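Consider the two complexes below, in which chain A is the common component and chain B and chain C are the respective partners.
Showing the complex of A and B:
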């Protein structure tokens, strides 16, 4: 019996078909969902995108950042500055914000890559604080109390409120799909192989000729740019920004970290499951206020201590299942199928 | 004269920052753990001081006699119960678990004490000051600075002249060999966290006397402490004091230029120092 190496499996092909059907259904949401449901789904897609990006950063590149709110807030402020101060149409301001985020990330990376491990994490937080305090000094955008997106900027986005809400929804859906697609493409590429090698053993990866600094730098700048773009989208939905809302460590980093940890860090499936769990919890417990946040913290600690690979990690350890075909499998050997786990 | 005054006041403020940092520095030195919940533990100590001093009707500085042992016990329990299970080669578990702890502490305090700002009332000493020419030195900031220097000197002495300090240094150098020599690693780490939180207790009560506080300010205090540690250089406890003073002076000079720039100026001093000397000014060990 001949042996061959494949990446896809019957499960991943089935998942792809099912995923496509769900995507078509979601894309048609403006015709079947109410306004409140669409807003919620839009928020889910944006959190899914943030979680996927943080997972790429921390779960694959080993860059544990607790300061991604720097870029979410930067995106929001870039949107407001470009539309209010420079008169750029909102739809153009969103990709421009992403570009600006990537540019800003270059000197930031050069500076904070000097800190290692856990100190890198707190260094990213310092950067976010600098951005927050800086934004509070911009009096043209309301200083410390923030500002709203002017009505004419909002009206120029689309004709009518329904059309605008549908547009914001599709943008969120489109960005989530693009971010997941990009993460998938990166992980299947040479860069992804380098990332997984350095995640598993940095010293061994370096001895195989992988330029660690460069690999991490590329991932940091790319995720920063995309996070900034998502930040602009988030505040297109919110229509109002203040330094505390834009650069909130709880909203844009704590929740995102909990999503990834609970779902399963270092897998593409993890953030998806984590986002669904997070929103299911939030929708049922949100009126309990801070008790809900305490419960979330407890769940994250228990998962980290008892099941560090998260929900998806538990499923994969039992079944070897992989919805996104990233690892290679050898077929046709005596054992029917060898899933080599996370090591591609 | 304003500038000299800003430098003097900044130096005194720096003593408090060094106290924020001393606990962080100690546990990083002994077990390479960076505790994201450190700032929230400082705030917890301030609230403990508030509850004890109002319930017993005693001066907040006297309440320290209770806050310090309570925080130390909490530290030992926290280390043995949770944090010891996160230690290993991977930096992710301790970071994420302490991040979760931080969220729990913040929201727990919010639930109990609400978001209203609180302050510890220290009485007449709060406004009394020593006049030196045109400078006015508050007795309270002077007392806090002296206490910080004394605590840091005591930590330094403990580290190099006692059996406990020898145990800390041994586990810091080689955990497995220290274990073979009969040291119980889990217990040594527990003691280190107990000591760190005892220092944190003093820092928290001082913070509460000096300014008003609410459950959300922990993150900011963690960052000040962290900046003092990095500016001073890892593993050097006197360096941490120097780092705190540099940060305090940076902040008060920033505030002198524009009141809105106080905290921002401190962060910029920190970023400038890691740009020039990434290992800090007086490093003794690698990160």
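Showing the complex of A and C:
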């Protein structure tokens, strides 16, 4: 047989090399960046992680959740509960929070998977509100007004403030890389192929042997666990939590949806571009108060009208470019082929 | 040869419209069965009931000796049952090869090099190799119909259900399709084929059933059925050119 199947292209190989260089540069940030810059970059990495996870959920598994703040808040509260009430070191509490989030997601999925489309979306929001109201009842963690991470818990994380800031930064960078790496690995696997198939056509997916419920369930539980872990990381940086901050639909879901939709839903590259756009807007306009939110709305409307598939969706439609090699190319089907695998 | 598929008094109705009226029939392993009947007779509903997209209100369905009545569609596919849809249902955002790969990895449970080999072989057999890297959403109707067949074959079925796969094809295309389906049959795959293009059907099947109002009104050798005046008159029209 003369055909063979390849996945990477020169563009994706180049992107991998460039990505590695940027990663090395970012990992060395504690030696070249100021404290404020590192905090900002740490926040960017956490938003990038949240966006990548929401994209996996909504863009690939078709589970449009507007209630992921349930898990961010759960992660924050799990961190505070484990450190303050159970005396667990903060660094151990973060992965434990992730595990807890995945466990909590199992019965939640069993419940909300009975809902479809818009009803599913509203259902996830209701769950998040239930979590928020539940958190407000826990008087040991400050009830409705929230609580702060005790100084000794914070001090025990690392020796000195610089070391702690560097640690928080590296954790955020590490988690972002792990989340993107995991999403990439999933999308290249059989599971990813199944996800893309059911994104495109559920009827055909079912008829070709894909267990739709199980596929969605795996993705929901995995993203919930990781979102909870990220929630714990977010509040390690913030040092203070309240039900309204932890379960904020604006901060942890609306902005995340903005990022994914602007960048390009259903692509791995989209959330990266969307995160950069979002933070560029925020950092240049945050001082303008409500004008900033109006600008975000305008950008969202323009992108949805002009490029419904997002910025990366537009680029990909024009050029066929793919930085993360997920798709398959059959070589040798025609005599003439260009370097990037597109048929001439 | 044993029974591969058996329907026992399978019934399904939408209100007063009965799409399957106590149907009882079976298919032998290796058999090729043609299904004809007027539009709205319940032919596609019969496929939906067999493949699990539609549940019967009463009756049982058996596949390879197992009662599959309560099995979901995906499980029936993995057990060796594959279908093409009358209205093609491609994964529009994926390439033709990836469409095939979904079927090979999920339906046939193949991995790695074996899945790749299945897909390349099927794409070559169905004439889709030149389109392997094209997005399925960009295909013409004809190519989409071939993709339906290709995907079904990639699940490595024991039973292949074809729903009007020859409709809209030119004579030459129809001829090559018939050859492809004959080749599939030669590998031991059982076939049930719904088709209005009767001459294509007759070139492949060795048994014909006629369906109307959800009931089997004739079942037997193709030539005998097509010669029956009742079938010609009532269900195909007197001047049907067959």
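Side notes on the structure shown:
As a working rule, the second predicted complex is superposed on the first by the 328 of 344 C-alpha atoms of A that agree within 3 Å, B and C clash if a C-alpha of one lies under 4 Å from a C-alpha of the other, contacts with A are read in each partner's own complex, and residues count from 1 in each chain.
Heads up, the rule we're going with is that a residue touches a chain if its C-beta (ideal position, glycine included) is under 8 Å from a C-beta of that chain, and two chains touch if they have at least 3 such contacts.
Everything numeric here is computed off the predicted structure, so don't read it as measured data.
When the shared chain is aligned, chain B comes close enough to touch A:297, but chain C does not.
Which of chain B and chain C touches more residues of chain A: that partner is B. Contacts of A:330 after superposition on the shared chain: chain C is touched, whereas chain B is not.
Applying the stated contact rule after C-alpha superposition, one finds that A:315 touches neither chain B nor chain C. Shared-chain residue A:116: touches chain B; no touch with chain C. In the superposed pair of complexes, A:154 makes contact with neither chain B nor chain C. In the superposition on chain A, A:130 makes contact with chain B only, not with chain C. With both structures placed on the common chain, the touch criterion links A:199 to chain C but leaves chain B unconnected.
Judged by the document's definition of touching, no chain A residue lies at the interface with chain B and also at the interface with chain C.
Touching chain A in their complex are the following residues of chain B: 33-34, 36, 82, 85-86, 91-97, 99-104, 106-108, 110-111, 219-220, 222-223, 226-227, 230, 260-261, 263-264, 267-268, 270-271, 274-275, 278, 287.
Within the complex formed with chain C, the residues of chain A that make contact are 1, 3, 5, 190, 193-194, 196-197, 199-201, 203-212, 266, 327-330, 333-334, 341-343.
Touching chain A in their complex are the following residues of chain C: 51, 53, 72-75, 77-78, 82-83, 85, 89-95, 97-99, 101-103, 105-109, 111, 116-117, 120-121, 123-124, 129-130, 132-134, 151, 155. By the touch criterion given at the top, residues 58, 64, 66, 111-112, 114-119, 121-123, 125-126, 129-130, 133-134, 136-137, 249-250, 254, 257-258, 261, 265, 290-291, 293-294, 296-298, 300-301, 304-305, 308 of chain A touch chain B in their complex.
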